[in-house]
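Naming follows writing order (A, B, C, D, E and F), and every chain is counted from residue 1.
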């Protein structure tokens, strides 16, 4: 999203422009960007939309898939991560991710010039955009919030609250911030410089959370009763409401990543919608064929799979590309949440890896296939540029390796100190009561 | 909403305008419209708001009125229609509804020039507006989604999932698309040309879905146990949440139909709010008088009735008109959902016709009464233009006839092939388990 | 929020400005303000966001804290207040609050020039802003809706529905409208003229509702079974969803109060988020220390406490100030909802006073401490202007006194006539069934 | 007096109630229970391993009757709750030592 | 030993519990049930035809007591659950063959 | 025949079910109940005064068995539901006059 350098001059036109008769668009002006209120309005709203994706969106989506005794704890996880990351991001996270950095670490990390947001004035614009830096910082914060909230899906029903808070703190600074920097820090980020395309966070958000979730569930181990007891979701309506709010909020996620309210944002919204719809249709269709009954959870999972896969591609692909990405994502993630998981035998409780990890990889690669010069300026495989697919694969690999290694070390560190997992009694009693002293009546 | 031809020149003013001293508003400029980012921002948001009306808004509103065994199936209906219509609209629906069409069918149908959205570029503007066509197409899609989702209310608790998907497919192309075309296709639509006023979909959305629902429930028949068993809603809180989200989202529906962020949008929002509040108050008051207790479901139904009735009128009437329309709609729809229904003896399970059909008709006619030249450019009965009421009635009639006839044929076709209704056992067991294999615990 | 006098000239630049070469920002122009579509778009959205705070946000937040038998009645309270205040505001409330008024009462009340919104045309701008008056009126309406809805928290589980409707009617006109006028009526309001800072409603909304709630619960008395029976919340997930929607909607509340989409709005959003996150963290931390278990309700309450306290300060303080205000608010409101309440022995059922009253006072005073000249033009204590703290304290006092006295009289009047409280049988049976004839199954 | 307790499929509740009315049964008490038996539930697909759900939703009916009615009540329940498919449920009969109507204090057969 | 089972109006649960304490009753078990009887529920208005709701929410109490206490328990329940209005509910008494406290393995009267 | 009714801690349900299988028990019925006893619940903090929650969630199990099995069933439940902490619950045994399988009409021991 940081790639949009063209600056619309906005409301306050310079007199010079006015005098240049016939200049229809302000984009030809190259002087310092000025604040555009329309872009600002759109990004304020997008920030609200993406926050809504986590609370209550994701909170409900996940809470709707657990057993009754863990519903409140699951809501609490998303809610507390929101609060914690808010503080962390303001204090140091944003600075690490989005400032230029120095010397050899600059491709991986920013510097400390925005610690506690010092230096971010009321009228500072975010570099390369027409919106206040405060709005940009906030918008990015909502991405930093949802990513760790997503990975909890793999650890649901058994992770300690204290361990989770500790893990998220370390992970935000050592995994999320650097990967966001690599992909999106306009001047210095490693992957962005390579030319890896990730419009709204296929690598940074989805592969990242999916892989961290997978590593986590391998270390934490299976839930007690896995394979013998019923883990049937207690209240699937929550999952449907959550998926719906994720869908709606995703417009802020993807179209907002244009950083401006123009035709590219409109196109990003269009492909987002088409992919979500197509993936839900393809997941339901497959399930209907194989399992005889199309399930509500299948429809919701399909839509989310499509949204995940289109995330890196939105802003780069045309409508037909969006449709195809959705159809493919629905099918592949169905396999990710069923075949793959059973084959490998890990207990990815709410399919963070099966949907976000797998969907994110599919989307990142297909972005390289369907990228359309007319939409985002970069051609993909179908327009005779196979190198983009390779580039995308490299981006995926770097993300997976960095995320897996650092996450692994963090989990192990916390397991040795605080301990990652609740006791068997607490797990059986349910996290709601054992960790938070509350019961859903 | 397509009637708003005046084009605000937006951010990028032409030099010519700048040189014309004293020209305060850009509306006097007639050259090709250019993209206005503020309008675009508002329409991006309106799109998100209207999508939120269906999922999770309407999904919850309806799910909150059924018995426990059908809650998930009801959520699933709205959710799946969202996915299905998304694909259909992108592939062919939008093209049928909003392109000009050819020859004799042009007043009723568009053409195939936007199939798969080909030809809709990133920078194409929607004709007669200042926003990208992609945003316009998406905004319209959210209307195409909610309309069939509304009609399911009449069929709740007994319609087959497969039959519903088939019906919606046919209905979208043969009923929704042509009626949207007739009313809103700027250059060729039959009713628009006649001068029928429908700002945000009183005919296209509400009468249309209400009538299709009524025809459907007559064909499908009453629920087993109708009149002898308790059909008491299992979880009315969902209905209240749903009604609330419908209310909030309706700002996108009505004020968004201005296609621009200006005083007319503000006025549309104002009358929308006044009508919703007034209708809730009038419904509750009547219920309190007649039944001794004002119910939560009554308050929610009243608000929705007011929102339905103001839909065609928003953008044409002044605040006082909005208040009166709300008060009338609350009373008339109360009768629609009780007196009328019992009198006629059909089983309109969730009152799609009683609220949306009846409210839509009331609103369409009262638009002709209260239309205010100062607001929308067209005077109504109260400003000495009784012809407008007649015009409105003609619009209502055409909608009812087209919708009823084609819907009837579609239902019959599907009944003969797939079968419309689940088996008695499935109905008794509940659609959640029998159709989708899921249970709300 | 009415303090923002700088007027961005918006889309329709006057030719004069265009000819003034080099004038980069339109703010130097002093001619009559013109409509700015970007500001309008943002305020349309903010209105929707604040409405969402009440329905379904607050409705769910409160409904999630009561016993099962009162859930629907609690939802109904927020919903009906929304409908009732909508009508009242349109008919007379807005006129009383936001017109200039006459003579000696002008510092306290407006006049009748906007009764039934007459005189508010489609193209009228709100004075001192760049948005249509209709949008301004609507935005203010959403504040007028949420304030009485907040105070019901103190009366939950035992207030008569009829009494509540009567009380809200009187309270809106005799307490809310004058206090809003005193603080926000640009030309004549008493407290605004004094220089009391209240960006988004710390006094008008939060202290006001908290104090009215406290007075109410003292008069209405404790719930039957207080201290002996379990009042454990039946469905805390609703409280979490509600708190989440409040949080998201609060962006419209605070950043919207800038009345424009610029850097100040961005800064207001930033401090809002930081305060919410910090307060949730501080509440949870304290609870974890003292009670051994961090609760979901604690996290939600903490976030709301932070949002309340930052409300008057947003638009005046810098990020670090926002963080500190949040940390303090979390701790103080924890005490407000536990220590203080138990010390005094009143039954503030859902802690309207403990969170909104106490948090509002903390926030109003800290605004005077942390106000930053760079952000809102006014320096606070830390910038060497201790007088601002005094001013803030005066504003708090006036609000408390006016609100307490008039609310007291109103409660007494209604208690003598309609009666405030349901019968013991109705209270035991639950308000859902006894007042509204509905049951949550 | 006897107390007849039956575990039935939830959707049969209304049928059973209607079958009892002609016998002069004026009251009964029902509750939601979960039954474990030969009938196995569906297989879970996502978000958990595949396995058979062991407990299925059932409805428990309790109806107090005079001794002479007991046999006919059992028969009526069996007939009306019967589908012939596995999981139809059970009927159990207990001796009742005493019964009382709270409203009036009436006891035994008069209380039913 | 006897097991006393009572079907009462939900809002009477707390009163009944308090009425039993003075008799030395230290434990009881309650559950939500739906009762069908002479009392008819409200009429549904929307979203369904008008009819009388047949099942109303009730609470079932089960309390195991020694033989000598049974009569006084029944009486205490009848008095405290009584409103005099239709739908007050029923009390049923069963013989208990055996009772055991799981924690200690104590049986019969000691287990109560 | 006997009907064994046990009130246990909810998380023990699965353990109890598994302990009964080796005895040849093929079915049982469970329901959610609220128990009042020596065990006191947690203290509420917000939104209400501080007090002890009196009713705690429990699960009630009902299993009908032939007379000769009853003692072993009671023992198996006691062992598997035992934690040794207060609130473990109770087991009650009733005489069953009759039992019937709805699907087949079989009665008594064959019906179990």
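As a convention for this text, contacts are C-beta pairs under 8 Å (C-beta built on N, C-alpha and C of every residue); 3 or more make two chains touch, one makes a residue touch a chain.
In UniProt terms, the chains line up like this: D, E, F = Nitrogen regulatory protein P-II 2.
The model shown is predicted, which means the values in this text are computed figures rather than measured ones.
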item: With chain B removed from consideration, the chain sets that still hold together; value: one piece
item: Superposition rotation for chain D onto chain F, Cα-based, multiple of 5°; value: 120
item: Chain C-chain F separation of Cα centroids, rounded to whole Å; value: 51
item: Mean-CA-position distance for chain D and chain B (Å); value: 46
item: Shared interface positions of chain D, touching two or more other chains; value: 31, 54-55, 94-95
item: Numbers and ranges of chain B residues touching at least 2 other chains; value: 11, 13, 18-19, 36-38, 41-42, 45, 229, 232-233, 291, 295, 297, 437, 439
item: Chain D partner contacts - residues on chain B that touch it in the complex; value: 225, 229, 425, 428-430, 433, 437, 439
item: Touching residues on chain F, where the partner in the complex is chain D; value: 3, 17, 26-31, 64, 94-103, 105, 111-112
item: Residues on chain B engaged by chain C in the complex (per definition of touch); value: 8-11, 13, 18-26, 36-39, 41-42, 45, 49, 68, 232-237, 240-241, 243-245, 247-249, 251-252, 255, 260-267, 269-270, 273-274, 276-278, 280-281, 284, 291, 293-297, 299-300, 302-303, 319-320, 323, 374-375
item: Touch list for chain F against partner chain A, complex; value: 11, 14, 42, 57
item: Residues of chain D that touch chain F when the two form their complex; value: 2, 6-8, 31-38, 54-55, 58, 60, 70, 74, 77-78, 81-95
